[in-house]
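A, B, C and D label the chains in the order they appear, each numbered from 1.
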Amino acid sequence: MTHNFASIPMQTIGPLRLIGDVEDEVMVPLATYETPLWPSVNRGARVSAAAGGIRLTLLNEQMTRSFAVQADDAQAARRICQSIEARLTEASEVVAATSRFARLKSLDTRIVGRLIYLRLAINSGDASGHNMVTQSAEHLQNWVLTQWPELSYVTISGNYCTDKKVSAVNSIEGRGKSVIAECTLPAKLVARYLKTTPQRLVDLHIRKNLIGSILAGSLMSANAHAANMLLAFYLATGQDAANIVEGSQAIDHAEVLEDGSLYFSVSLPNLIVGTVGNGKGLDFVTDNLALMGCTPNKDAGSSARRLAMICAAVVLCGELSLLAAQTNPGELMQSHRKLERHQPA
Amino acid sequence: MTHNFASIPMQTIGPLRLIGDVEDEVMVPLATYETPLWPSVNRGARVSAAAGGIRLTLLNEQMTRSFAVQADDAQAARRICQSIEARLTEASEVVAATSRFARLKSLDTRIVGRLIYLRLAINSGDASGHNMVTQSAEHLQNWVLTQWPELSYVTISGNYCTDKKVSAVNSIEGRGKSVIAECTLPAKLVARYLKTTPQRLVDLHIRKNLIGSILAGSLMSANAHAANMLLAFYLATGQDAANIVEGSQAIDHAEVLEDGSLYFSVSLPNLIVGTVGNGKGLDFVTDNLALMGCTPNKDAGSSARRLAMICAAVVLCGELSLLAAQTNPGELMQSHRKLERHQPA
Amino acid sequence: MTHNFASIPMQTIGPLRLIGDVEDEVMVPLATYETPLWPSVNRGARVSAAAGGIRLTLLNEQMTRSFAVQADDAQAARRICQSIEARLTEASEVVAATSRFARLKSLDTRIVGRLIYLRLAINSGDASGHNMVTQSAEHLQNWVLTQWPELSYVTISGNYCTDKKVSAVNSIEGRGKSVIAECTLPAKLVARYLKTTPQRLVDLHIRKNLIGSILAGSLMSANAHAANMLLAFYLATGQDAANIVEGSQAIDHAEVLEDGSLYFSVSLPNLIVGTVGNGKGLDFVTDNLALMGCTPNKDAGSSARRLAMICAAVVLCGELSLLAAQTNPGELMQSHRKLERHQPA
Amino acid sequence: MTHNFASIPMQTIGPLRLIGDVEDEVMVPLATYETPLWPSVNRGARVSAAAGGIRLTLLNEQMTRSFAVQADDAQAARRICQSIEARLTEASEVVAATSRFARLKSLDTRIVGRLIYLRLAINSGDASGHNMVTQSAEHLQNWVLTQWPELSYVTISGNYCTDKKVSAVNSIEGRGKSVIAECTLPAKLVARYLKTTPQRLVDLHIRKNLIGSILAGSLMSANAHAANMLLAFYLATGQDAANIVEGSQAIDHAEVLEDGSLYFSVSLPNLIVGTVGNGKGLDFVTDNLALMGCTPNKDAGSSARRLAMICAAVVLCGELSLLAAQTNPGELMQSHRKLERHQPA
């Protein structure tokens, strides 16, 4: 029997109450084989809504690619890098000519021996921008190789981009949208919805997400299961879900405030999402984007930014809920057992 | 309009010719929004088949979880850890009692200050084992807390497991199946199918996968786009695809042999797959597993091992093809442009 | 003018009051160009002594080296690794024959493609063991190459050891002594000696050592300046101070206890020290080792273990003091200005 | 008996023949307990001199510190960071007022939750700049806390600097001098001096420095023993040698050129050295700096830059020599045995 589609179970969760850069209430579709994720995210949605909502702050956005070329030696490499930086306007024009949307944001050069890695960052409008930035990189690399014919081609993508790989460069320099989701939960709501206390959740967060992650040799990552929410959200919205690799480098931060309430946040420096491009033309994707008010419009970029922020809110909900569960011995397994008994299929 | 499923486009690629631990020819389903992946993997399948096949070697398998408890001080923590290690047989019985399949493979203890992280590894048969190992951990933690009542509960999952997060511990200690896929390609076939030479592919691999990744601050990762193949394979076979985060830590190795042919391999230390459990009951998953000869049988574990090895072969095909493309200026973008023009939408 | 020695200013600090695995009061020599380190460590020594001392716990000890060999393919590599593991007794005899002290503790094999990295760990008695383990590795590698002549030599040291390099393997698998130093300080003493409160110190530790380090992309490291104390101690005791690279991967842990006192600990998984070998014959080194009761004796290993634990106590003192200073705006710079005005030279 | 100095054996090696940014022949003092380092570096000096010298290229220089402050929430944090960036001229004036030499180069802001980490980079003239940048940071932090009184103090040093700790941020953003040392060695000279061939050295480099380091979970590091040379050079020149921790993150790059000669380079992004400040007033340090032409003069910064480049050349010599030795089974141990028999004691 032939199947033309992998059909991943999908449910709509919510509403999530959003404040800050997005003021709205949204329902959110999540596609996953791990169905306990739905009630888990939903619990986070309910407690945060009851407490006034999830505050969203977008810090930055860009898409990056690094091509590599080879010079005769490091002296030549430095000289050429300096020349490129001095001709940034020309470089920007080369990039702008490749697309209606691509705009050069920055161009970093790294030299190792006689190898040059040029990492370009562009604004890619409503697209996640993988192809757009590759096209920009291709044109820019051609321009570089023409202007400095003493250079030789190494690769169009030198892993200093870096795409779908564990790295430090993305967290530090940025790739995708950088978003912070945060909320403040009174102790009473923490008890009612999450069956725990702010102090216990903070203590767990420190021992698990901070110390445990450091002990495991994690890199720029301090969370419980951000990848789960990212995957489910990415699949439901037609994203290239392999980008959960860098997306998973999320940093939770929790503290008990003076009035005894819980401050909780998730900082996501690498949310790679778009509202146009591969996958977005599928019916359910179009509908899901519309459901969340993320249908692309003329103001290129705003729907993708909104989508990234909703995504960050979902991650916060899932983090809150799982961490709360883990403060109580036995709760995690119990809820898995209960929920998976009735799962589809 | 309500959609109960996210429908990801899926195609069957192959046949892949497999040798070593699996001797067979298999067709492989891949579900992805990034449709150029299909011809890319297919090209790798064709060249490796023409050269005699992809040699698969399974090194290890296990599923892990780390719970955490707190002692009075490091002296107590050490004493208790030594006691636990001395009572490993009892610990094994506790684990064995939790499931027909779970068998304790190893139990590592890490002490930080007065915190103890116990990382247990089990054989989980045909299941990827997330829930099975959590259940094992729960019972073991209860046993530990009962036997040493001076300990207090910290968490059932202390991120030293580590699940779906960028880390070092998984690569070093293992999580999931550890598989190596390798092939040897005569220069003539490299030219015919991959439009490049062994030397150019090796040179690119060194500059991109090794040096570029090091420059990017990658952790235990040296590949071009392993995450892409993992995602497509995981979605098509009902896996928890968030595990591509650790799965992406793959190490390519390429060299030109004395006779001028290309040796190419991918070492994947963290392939987390199963043939039973969440998602496996969906029709298309059942069919896909059957198509690859991975229907679970009485010999618990063999179908999951076979599945992991086929997955590794797919990663090798995709790595070969993309690296080859990147040796040729312009080829990457050109093929994307050509292939995506007619993609399903 | 010719100088045959670099003369680093040295002072003796203390006494440090030690409990746990070492019960003693010791004076500790520290050699450094950064003379504010002396009063800083001394402050930590005074407060911890007033509170009953620094509790020391040694978890483990070993010295490691990884040699590498190449097999025909991964199948051969796996087969040979299994054979080596099956002949561990023989391997132990090969190692034992290389030295009076070297004893094989463990032998790990890692396969990448067709490359095999064998990481051997030995007990090295009172020596830090760099040369001893290289000699063991050399003999073991010769034995391996003789027993499996189909293998070829790659290197005697394959960086999976790893020596004096930033890595994950040392923290996880161990290299040198693994020691935890901890103390419990009543709030009154924290106020008197450290001019701060337990809560403020804990808050700083979380934001600086945990979150700040994660943000910086640190690897298995969460401390303020462990490397400073390690360097000064290593230079004063004739150690190979380049090992502060891995030594610096220390993890502080701090919490406010129920009675309001401060629990503070430093976990140092990679303390590479010895009391015999290069540098130990210099007069001042011999005297310094004697001063601390670390003159090597017949009970091979005990003086090196004692030395490692004293070293860990010094690190704790310096961490406590600097963290305390940083809780108070302006204190750090003020003390540097005051102390360096009268510094030698 | 009291010793006021730790006296580390020191020898002068060379001459090193330098080209590129430094055109000179220099003798270099190295202080170490590991005396085989002297002939090892010397061998590298001889072969590189015979081949025309070591080409030095300085890419960048700066000293950094990150302080941290806390805002009410991420919205406030973003707003304040944007305001700070808009008032960069004022910030520069604040920094410039703290010292005759300190000049603000850049000011990066990172937000996690509601925490702000501000990483300032300054030019520090001939000083390594630890204290200078701390003083700059203190004044800048005071200014920030005064201008935005809604912020609260967290720490003067938030580990995003990062000083003497394993990290990614230093390699990517820079801390200290970034220098590349490279040389091209004809095969004949490689055979005569290094007893090996270019191909064998390259093969070893790939398997040890690249693959072995990746396997070990190294972070932005691909070298054999850079820390050894850094330590010996830092001790001989009055540096704060704890900075070898970040200094050790060096990346070797080697290839066989078309004419069969060996291209070899070391890229050192984090060389933290100075010619004024702590330690520099000691007689042997003054003499050693003079010996290398690194006495500080009115052109603030040039002597420190020269010193950093000489240091990079020393690292290259040591890398070349040890890698060459490891291509030959048995050579490493043999030379250690021979050299340490007559070592000072």
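Going forward, a residue touches a chain if its C-beta (ideal position, glycine included) is under 8 Å from a C-beta of that chain, and two chains touch if they have at least 3 such contacts.
This is a predicted model, so every value here is computed, not measured.
Peer 1: Computing the C-alpha centre of each chain, which chain sits at the greatest distance from chain A?
Peer 2: C
Peer 1: Could you classify the chain B-chain C contact as same or different, where same means more than half of all interface residue numbers appear on both copies?
Peer 2: Same, since most residue numbers here occur in both copies.
Peer 1: Which integer distance in Å separates the CA centroid of chain B from that of chain C?
Peer 2: 34
Peer 1: Taking each chain's centre as the mean position of its Cα atoms, how many Å separate chain A from chain C?
Peer 2: Centres of chain A and chain C (C-alpha means) sit 37 Å apart.
Peer 1: What whole-number Å value describes the gap between the mean CA coordinates of chain A and chain B?
Peer 2: Going by mean C-alpha positions, chain A sits 22 Å from chain B.
Peer 1: Which chain D residues touch at least two other chains?
Peer 2: 112, 115, 168-169, 172, 211, 213, 215, 217-221, 251, 253
Peer 1: List the residues on chain D that touch chain C in their complex, please.
Peer 2: My answer: residues 1-12, 29, 31, 33-35, 66, 68, 70, 110, 112, 115, 117, 131, 134-135, 138, 141-142, 145, 153-170, 172, 204, 207-209, 211-213, 215-221, 223-228, 230-231, 235-236, 238-242, 244-245, 248-249, 278-279, 281-285, 287-288, 326-327, 329-330, 332-333, 336, 340, 343-345.
Peer 1: Report the residues of chain A in contact with chain C in the complex, numbered from low to high.
Peer 2: Result: residues 168, 171-172, 206, 210-211, 213-215, 217-222, 251, 253 of chain A touch chain C.
Peer 1: Would you mind writing out the residues of chain B in touch with chain C in their complex?
Peer 2: 20-21, 55, 57, 59, 73-75, 77-78, 111-115, 168-169, 172-173, 180, 182, 217, 219-220, 251, 253, 263, 265, 267
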